[in-house]
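Note that the chains are named A, B, C, D, E and F in the order they appear, and that numbering of residues resets to 1 at the start of each chain.
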Amino acid sequence: MTDKFDPLDSGTIPRFAGLSTFMRLPVAEPSEVDIAILGVPFDLGTTNRAGTRHGPRELRNQSSLMRRVHHVTGLSPYDRARVADCGDVVIDPFDLMRSLDIITAQYAGVREAGALPLTGGGDHLITLPILRGLAKDGPVGLIQFDAHSDTYDSFFNCSRYNHGTPFRRAIEEGLVDPKRFVQIGLRGAISDAGNYDYARSVGVRIIFIEELVARGVEDVMAEARAIVGNKPTYVTFDIDGIDPSQAPGTGTPEIGGFSTREAQQMVRLLDGLDLIGADLVEVAPPFDPSGLTALTGATIMFELLCVLAGVVESKGTR
Amino acid sequence: MTDKFDPLDSGTIPRFAGLSTFMRLPVAEPSEVDIAILGVPFDLGTTNRAGTRHGPRELRNQSSLMRRVHHVTGLSPYDRARVADCGDVVIDPFDLMRSLDIITAQYAGVREAGALPLTGGGDHLITLPILRGLAKDGPVGLIQFDAHSDTYDSFFNCSRYNHGTPFRRAIEEGLVDPKRFVQIGLRGAISDAGNYDYARSVGVRIIFIEELVARGVEDVMAEARAIVGNKPTYVTFDIDGIDPSQAPGTGTPEIGGFSTREAQQMVRLLDGLDLIGADLVEVAPPFDPSGLTALTGATIMFELLCVLAGVVESKGTR
Amino acid sequence: MTDKFDPLDSGTIPRFAGLSTFMRLPVAEPSEVDIAILGVPFDLGTTNRAGTRHGPRELRNQSSLMRRVHHVTGLSPYDRARVADCGDVVIDPFDLMRSLDIITAQYAGVREAGALPLTGGGDHLITLPILRGLAKDGPVGLIQFDAHSDTYDSFFNCSRYNHGTPFRRAIEEGLVDPKRFVQIGLRGAISDAGNYDYARSVGVRIIFIEELVARGVEDVMAEARAIVGNKPTYVTFDIDGIDPSQAPGTGTPEIGGFSTREAQQMVRLLDGLDLIGADLVEVAPPFDPSGLTALTGATIMFELLCVLAGVVESKGTR
Amino acid sequence: MTDKFDPLDSGTIPRFAGLSTFMRLPVAEPSEVDIAILGVPFDLGTTNRAGTRHGPRELRNQSSLMRRVHHVTGLSPYDRARVADCGDVVIDPFDLMRSLDIITAQYAGVREAGALPLTGGGDHLITLPILRGLAKDGPVGLIQFDAHSDTYDSFFNCSRYNHGTPFRRAIEEGLVDPKRFVQIGLRGAISDAGNYDYARSVGVRIIFIEELVARGVEDVMAEARAIVGNKPTYVTFDIDGIDPSQAPGTGTPEIGGFSTREAQQMVRLLDGLDLIGADLVEVAPPFDPSGLTALTGATIMFELLCVLAGVVESKGTR
Amino acid sequence: MTDKFDPLDSGTIPRFAGLSTFMRLPVAEPSEVDIAILGVPFDLGTTNRAGTRHGPRELRNQSSLMRRVHHVTGLSPYDRARVADCGDVVIDPFDLMRSLDIITAQYAGVREAGALPLTGGGDHLITLPILRGLAKDGPVGLIQFDAHSDTYDSFFNCSRYNHGTPFRRAIEEGLVDPKRFVQIGLRGAISDAGNYDYARSVGVRIIFIEELVARGVEDVMAEARAIVGNKPTYVTFDIDGIDPSQAPGTGTPEIGGFSTREAQQMVRLLDGLDLIGADLVEVAPPFDPSGLTALTGATIMFELLCVLAGVVESKGTR
Amino acid sequence: MTDKFDPLDSGTIPRFAGLSTFMRLPVAEPSEVDIAILGVPFDLGTTNRAGTRHGPRELRNQSSLMRRVHHVTGLSPYDRARVADCGDVVIDPFDLMRSLDIITAQYAGVREAGALPLTGGGDHLITLPILRGLAKDGPVGLIQFDAHSDTYDSFFNCSRYNHGTPFRRAIEEGLVDPKRFVQIGLRGAISDAGNYDYARSVGVRIIFIEELVARGVEDVMAEARAIVGNKPTYVTFDIDGIDPSQAPGTGTPEIGGFSTREAQQMVRLLDGLDLIGADLVEVAPPFDPSGLTALTGATIMFELLCVLAGVVESKGTR
């Protein structure tokens, strides 16, 4: 690795100084790096409280608090992979479907450039076009940390594309293999008793928060790893999976979530999987007066980055 | 008038108690009243900071601070007209164009019911479908209090319907007579030197904040009254016309606006015009930590209500 | 059940639209329903930080995020019982004792109407007049989730009725059977070493947070269920029992509380008891900048509602 | 004067250090000083949004920003009079009437000690017991800066003592001479067209904000000075007289108020009157997220202090 | 001009998207442009409430709301000059004196590169090292918009370099010609009656807010222009000159300031002067919950930019 | 004990009334008491977000919620020791090194007066001069609750004294015995893989949060007690050790911390050690909109006070 893709050193340039980029990294093109961090400032799929369009900016701001070396592994992702801030996907705020196409195209480009994408959203609908861009070689496995299943069919009679539906679409479109799909942390009342029927009928494994608490993080993650196996897998992390005391700034908070401690432990247990990318979605800054949600989100992104850097290193691509 | 359409009495039921309706009024159908207050929780036309979808709820909450009798005129609108909260227009958060049609239909219904509509928005695009519903007998006059002209042609190459374009569309569609259209309080940098060209070319009178300050409120309003004359006229009040110190919670704040004092004086000087309805738009609660914007908005709605009640009384319809 | 008492469908009417009622339910009289949800906007019993007078309004606002079907049981309370928002009790903000009488009368009416009351407060003193209205057939059992015992004798030498005293009064007045009374989650420094003496002397079972943590929720709730037995029992839930990170907006927060996860599990373990009503108190919106406290409170109310619906169903009254 | 009653020097002790007292003054008894600054943490008279019980603490905190010498006069009140923080009046939060008696007794004591009281409230009802304590030699004159007249007869049918009634009671009790009573800045809708009838019938001079704006501050204050003449006069300043953009944190804000600039100019024009005391009321910190209201209040208190110091100096009592 | 130095077009790239730079401009070196916008994240000179170290980041964030063309002149600064974001000066948070040297060196470099600097601070002490870097050809004129004179000698007995002293040092060091130095908007109590003596004794013209209000903006600015004449002049704008209702987030707010309207008018009246640079200082985001202060600051920076662009154009340097 | 050092009784003087002191205690000199509570309003050692200079004031404000008797032990510290608020250390905001000397001198004085100091900070650098003042008889043991090791050598090439370095300096200066030094709760990415090398090389025991979670509080504290043994030991508690959901208002928050429950249990397990003082640092009110951080800090201070009172009692000094 070269110094070219090192974060600004906070012992030389204070954290409050300098332009705000993800992890204080340089700006670069996906073709220059192993891991491309992108923002997708999009909330057109939001059913209730919008605001995730402002997510990438605040995730960047709070990521100025991140450092280089993971305290448990003693490893720095920047020693294992070239990483940069590859900017925001420029969506069209008045055209949901066109925006999905723009996102798809951008991630297809990241894939072609040979980089693994790490995304800061954006509402959860963005994972659908990201998967469209990445899953070119057949359905991928999916590990979803979330309070909600997001496998609704439609809302308002006609809306098939919103942040409650991405994974139903992804399965229907052959982007995700439902047998290699696990959802962790679900909870909260649902609109209809049959809301989980589709997911279950196609083989998605749903792990409610109650099961997670009862079995513990290690046991659940062992199962999750077994479900996706050693084939290509994507990771999507909805910040509302975390308890709203630690992530209040989101559109549809649900009390009783998993803790950041548990979240960190779960992400670390992704190590060794064949990951093709990851995202952190649903940070809505207008509902985050203390900035804690963006800080939590930025830290989860750092944890995901460390795991992705392991993938890069293990593949020996660089 | 009957007691049936009186606000809750704060000397009997504390302001913090009871369901939250506009002005603490009863809920009714437009056909039952002279003035129908409606909410339009819509922000699909917003270019930057969304949130006006939550406007009607907070306008209702803060309107619990309103009282019955105007201190300058000594008159109560509730003695002059039957007024009620007629609920929210139920828009479709994933279909901008369908939502416009829903709004149009609802306001056509209000018009047919014989009530004057007073609206709490919602972003400024809602005025377009409101006018579509109301301007059935030819173009109407329009008095617009605002920081922005909202007469852009389009954004993002293809979006012709957003909160920067409603009045261009309204003129093109023959809903508003540009010769009877005056915009008051405009200011702030513009994207292109030609941004005002269309409005000026069709005869819209633009009064910048600088001119308002130089000439004073009375002189400007005398001109505004002359422009619209004694023919049917609609009033649209964008909260961002007011200085952001008094209305920070809005999507595109511009410093240097007119004060609430000036705003109140200007609305009072609408008295005697042939008004067919009025709206107060662009209150975005997620950006309003102190609640002041919604309070300002609710008070301007009360001032507009007093003027509309005068119209009802003068027409002797009841 | 009829559709008449169904919440607004968020797949048709967005959560941000429509008048704000508890759980998006219709407004009705207690005589029309099995479970009557009421607000008691009262904070005259507060020793330090007032503000719970605004609790019912914000609980209603945040309850717009609730859905229909409990994800663990797969049951909807609205399929098991007729439920409605029965409005606020109209207290007198300048007369504490008169307000208590007003509350008592209202709840006596709810009882006579045959409905089970579910209340959003208000400070904790309101549970006293609620019990006066309900406990007409002799002392009832009581399960109290709380950080404080609220069994003080008096404050300021002469105040025997405030939010630190309701349960002493309730025992003295024969409303609550102290042998069938359990307090869960107590903690925090006390004014005097003898503060718990009265409660213990009459047989109240106090379970400190330390005991709850050591034994676990299931063991403690088994004991609590045994204490109240299968006789009529009331449930009172003070939001300050929950850790202030999950419920900061309350008058006398105490760090180190139980979590929402634990709270939800405890409420679910009330299933099958002979409950005569429940309340959720001490939400103080002026101290809740993120709205999380009201969201937590509204969700606990939903959990209580699910348990009460089970009571209705099991009694076969409808 | 001695150094004993000097504020802490911010060039030696930073403003953020040290115990928080009014104006960073020493704590003393009224008998030791010429001007006694007191807090009255009381909000039992509040009709809607409580919170002024926390007013004195935040006024003290923000007054740490005050300095010694008035920039217009070049005079320091601390060179002209002995001034100290004389602590808070200890009210009884569960007994409104008893609290009024406590306040009365305390101010009678200040008067007997020979000090002029300057008060930080507290809701506006506190001015009634203050006047009871001070007006021992017959009715006094009164200059009231306010958005509201506060001369209601009663609320809720039986409450004759709340923050909407103090000045009716003060006139009835012979504490204030209504012919020497002027109210400046009134505005906002009223509950009933006759709300001002009582005040006008007994001779109170009401100056609405509209008149103030039209005539200007100097003209209005010349009239106010003439009304109270050179006899003993009290000054009461309700922070809600000031526009809510400059003082949002108050119980019943009304848009369109006078500015702090105008407020400062008006207070300065009190110079030379025979003042017997002054108060600044209705600062409600829970509704003041930026702290601006308490800062505004503390600065108005400093302006009042400067005028009171002139009274002390001119009387040559020290 | 080339397109290379155009801001991002908000009709193509939404304001919420993209990296956050001043005015959405490209990042460049001073040598590439006519006007270099820099951030100085520094608050080591703050006597009370720190936080301006975070000023540049929030000024950048809020400047995403700026547009291209001034609505009064119809001119775009980007058509008249090449402008870019030249990044932050990297100060040393533990060494005040070393930081001053770093700033001096950076601005000397800007001057040598031939660009005019426009700065977003930072506390007011930064103007001293900026002037050290720029005033290489003898003392310059200075127009200061501010609530405070900042000509103290020292604090805490030994601190001669803090945000209360920069202009005394600048005069002593021969950087500023006191006869060509005017301070506008001063107000607020002072520590000692002699605080203004030094400034007056060396010929600085102090215009208190009271004089500004009495004479009006145009008259005062005519005098200010005469004072500095047509020789090189620097402009420093302390955000606390503006009323705290429009700029609450600052370290030492003083009520009763000039309005943003007046501020904009004053800055526009700088047109035609021989300006060598300008700064906007004292924005402290931690005290700015609504973001209004940073928005106000960013807009004043845009107004200053327009004036500086006129200087560039008139000099025909490009 | 005498009543002289009792906190104000909240049953007589409401918590919102009276001057704000630590625990509502009287103000006294260290020589008058057994335990001296001091504030150190200092943030000159902060690398990123300043604000702890305001910590002591808000800790005092929130400590008004504390009561007398610990609910687990049934003991009141005020029955076991004389305790008072001994005011703030008056630091010099422009001279870091001089401020350290001032703090050292003050704590040497406390030691000589025979009192145990309990401190509310201030950033973590203050613990260095506190130890200089206290560790006169050789190196002491140290128990540190924290997210960070604070044993860096320097920042910015030359800063050896900041809040990342105090414990390296303390070891180097012979104030702390590294063999009797344990750090609990560390976590978060580090700047360099060698960041912990120094601490480990000299024998400091580092217990990461992961180990704490795995082993449990009791086991870890047993080890901690064994490490420091029964020799003089100091306790330093950095609020950022606690999870940021429970303490968001701090300069360098790290998600995944220990809970307040765990914190309280750990502090209680200090009972019986030979403690010479304790501090609670890094509360930064500008980043604490809900006040929860200061409340948490004040409560931890109360827990520490209870342990220190046990030391006083066991030594039989009084």
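The rule is simple: contacts are C-beta pairs under 8 Å (C-beta built on N, C-alpha and C of every residue); 3 or more make two chains touch, one makes a residue touch a chain.
Molecules present, by chain and UniProt name: A, B, C, D, E, F = Agmatinase.
As the structure is a prediction and not an experimental result, all values here were calculated from the model.
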| item | value |
| --- | --- |
| Touching both chain B and chain F (chains) | A, C, D, E |
| Copies chain B and chain E touch via same or different residues, half shared test | different |
| Selected pair, out of A-E, B-C or A-F, that shares over half of its residue contact pairs with B-D | A-F |
| Centre-of-Cα separation between chain D and chain C, whole angstrom | 41 |
| Rounded Å distance, chain A centre to chain D centre (Cα mean) | 56 |
| Separation of chain C from chain F, taking each centre as the mean of its C-alpha atoms, in whole Å | 38 |
| Multi-partner residues of chain A (at least 2 other chains) | 12, 14, 16, 47, 49, 53-54, 93, 155-156, 243, 245-246, 287, 289-290 |
| Touching pairs among all chains present in the structure | A-B, A-C, A-E, A-F, B-C, B-D, B-E, C-D, C-F, D-E, D-F, E-F |
| Of chain F, residues touching chain A in the complex | 47-49, 155-157, 186-193, 195, 208-210, 213, 243-246, 248-249, 252-256, 287-290 |
| Residues on chain A engaged by chain F in the complex (per definition of touch) | 9-12, 14-16, 65-72, 74-76, 243, 245-246, 259-261, 264, 289-292, 295-296, 299, 302 |
| For the chain C and chain D complex, residues of the former touching the latter | 43-47, 49-51, 53-54, 92-96, 98, 155-156, 158-159, 161-162, 286-287, 289 |
| Residues of chain A touching chain E in the complex | 12-14, 16-21, 27, 39, 41, 53-54, 56-57, 60-61, 85, 87-91, 93, 289 |
